[in-house]
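Two complexes come next, and they have one chain in common, chain A, joined by chain B in the first and chain C in the second.
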Partner chain A sequence: MSKRKPYERKMGATWWLKNTFHTKYIIREGSSLVIAIYSFVLLFGLFRLSQGAEAFNGWVEAMSQPGWIVFHLLSLAWTLYHSITWFSLAPKAANIWLGQKRVPDSWIVSGMYGALAVISLAGLILVLI
Partner chain B sequence: MKRSNEPVFWGMFGAGGMVAALFTPIAILITGLLVPMGIIPGEQFSYERLLAFSQHWLGAAVIWIVISLPLWLCMHRLYHTLHDFGIHAGNLVKALFYGVAFAGSIACATLLLLGLV
Partner chain C sequence: MTDSIKIDILRYRPESDNEPVWQSYDVPFTNEMSLLEALAYIKDELDPTLSYRWSCRMAICGSCGMMVNGVPKLGCKTFLRDYKNGMKVEALANFPIERDLVVDMSDFIEKLEAIKPYIINDNPRALEDGCHTQSPKQMAQYKQFSMCINCGLCYAACPQYGLDKSFTGPAALALLHRYNQDSRDAGKAERMKIVNAEEGAWGCTFVGYCSKVCPKDVDPAAAIQLGKVDSAKDYVIAMFKPGE
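Entry: the complex of A and B
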């Protein structure tokens, strides 16, 4: 740790509510909470899968409790918000050129939505066939 | 000057962000809503089918990517959000946050590899 003590502007816990840009930023960062929890829920499901049929069925059963349904509804909405913000930032991170011309931002954004649609459809087909 | 380890975490963050944006919505819809609500019949998501899926190398890879990579996005963002709320955490807390993502990735890989052998 360095010995210097930089100046820190005092900011209240609600600074992010005073400006729409900051509010959206914190809402987007907040998606991390539910996505991380969801990852651990799935990891636990995988653990139960490794313990046999009874354990796995118990996990699936637990997922139908109202609390978990609400959690997954909230997570789905919040994750989609993360997707939208991620797609809108994608052209700023990607610098793709076709010959002498830079690929327009709208192509990259549309491409990401297209990929989301294809992957989602593939997921549904995979579980239904 | 000591080289920064940030590019490594940034890479995992980027990969995780991509997976969370493209794969996580449909994963939540299937495992969290359509199956538990019975819209997708239970036999489509049965123990036997899931076990077979997890024991195929491609299925195992998909499961690992969907569980592990978003954790890196999330722990990276949560760590940096601490700063936004005035908590200027040191390297120990940083190690703790990335450690959660690391531990989750390793636990997931271990469970899948045990099923594969």
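Entry: the complex of A and C
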């Protein structure tokens, strides 16, 4: 008769707190929740815009409350954290070659930051003109 | 100077224990002593009932994987000098404990077999055609992924595997990528079915810890992301090929 009795350890709901790498991963992924909420807030703003100037101004006014400003700053910080960690991982998903040489990881990372800068600048210009 | 070090080991003796228990040992410390040597000291001098696996003692065989302070490590590549405050040693996470530091790896082995880890080619080169040639670029596509020693540390690092054992997992997907990228191989279409499956590359949420803990600098996370790129291409191509 077999004497085997393999023991399975349970992961438990707090598995991601036991290892700093996993904790950082959950923080990175957690930003998607904040971005989802942010998108809904923004969508609501668009909806108010469709209802006319008065409705939209009311929304803008509400958004300048301290609570909402904190929310926006928090979303910004969290999103930036996500972007930075994501950019540093991006070369793993790219296998780009120039002739017989692989494009160095640093080029891909710099490219991502470059793209972010260009798009942000374009957005800023659009808002300001 | 420290002359001894405390090592806590998670013991599990299936004939007497219902669940694992911690047991503490004091081991004489030397600067060049590996964890594996410390375990040998415990077994020889303190407690012959301790079970653990090893073979090569030089990070080649992949049999001495274990958790050290919660991090997957090879016992032979882990040195006491880096853990002067003591260490907590436990069987490799995400695998069932068979006894003490010995885990049951059969699921991992089955996954490695399932990805067809060999060169598939219906029209192999004839002997008189001479040897295969590969450019440095062709070789670089798969070389690092062929360095895997099947130690399973990446599975212990992967929460996706821990939460759902049907996930093909890092080393198997890296090995799959290794054969798919080999210019001598023609089995990609067969293997893509495994990559495309729910438990294939898409089961990965890019935690990235597998690549961090790998003792051989294989980059399973990269292999899986490149697998996703391949899989997405497959999907788009399939849209234009109705009836397949």
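Points worth noting:
Rule of thumb we're sticking to: the second predicted complex is superposed on the first by the 120 of 129 C-alpha atoms of A that agree within 3 Å, B and C clash if a C-alpha of one lies under 4 Å from a C-alpha of the other, contacts with A are read in each partner's own complex, and residues count from 1 in each chain.
Quick note on the criterion: a contact is a pair of C-beta atoms (placed from the backbone, for glycine too) under 8 Å apart; a residue touches a chain by one contact, two chains touch by 3 or more.
Note that the structure is predicted; figures quoted are calculated from it, not measured.
In the superposition on chain A, A:Phe40 makes contact with chain B only, not with chain C. Looking at the superposition, the partner that touches the larger set of chain A residues, chain B or chain C, turns out to be B.
In the superposition on chain A, no contact is made by A:Pro66 with either chain B or chain C. Once the two complexes are laid over each other on the shared chain, residue contacts for A:Lys3 go to chain C alone; chain B is not touched. In the superposition on chain A, A:Asn19 makes contact with chain C only, while chain B stays out of contact range. In the superposed model, A:Phe56 makes contact with chain B only, not with chain C.
In the superposition on chain A, A:Trp97 makes contact with chain C only, not with chain B. Contacts of A:Phe87 after superposition on the shared chain: chain B is touched, whereas chain C is not. Put simply, chain A uses residues 8, 11, 16, 29, 93 to touch chain B in one complex and chain C in the other. Per the touch definition, chain A reaches chain C in the complex via residues 3-9, 11, 15-16, 18-19, 21-22, 25, 29, 89, 92-93, 95, 97, 100, 102.
Of all residues in chain A, only 1, 8, 11, 13, 16, 26, 29, 31-33, 35-36, 38-43, 45-47, 49-50, 52-53, 56-57, 60, 63-64, 68-69, 71-73, 75-76, 79-80, 82-83, 86-87, 93, 112, 115-116, 119-120, 123-124, 127-128 touch chain B in the complex they form. The residues of chain B lying in touch with chain A in their complex are 14, 17-18, 20-33, 35-38, 40, 42, 44-45, 47-48, 50-51, 54, 63, 66-68, 70-71, 73-75, 77-78, 80-81, 84-86, 88, 90, 100, 104, 107-108, 111-112, 114-115.
Those residues of chain C whose C-beta lies close enough to touch chain A in the complex are 12, 14-15, 19-20, 70-71, 93, 96-98, 104, 135-137, 140-141, 157, 159, 162-163, 205-209, 211-212, 219, 221-222, 225-226, 228-229.
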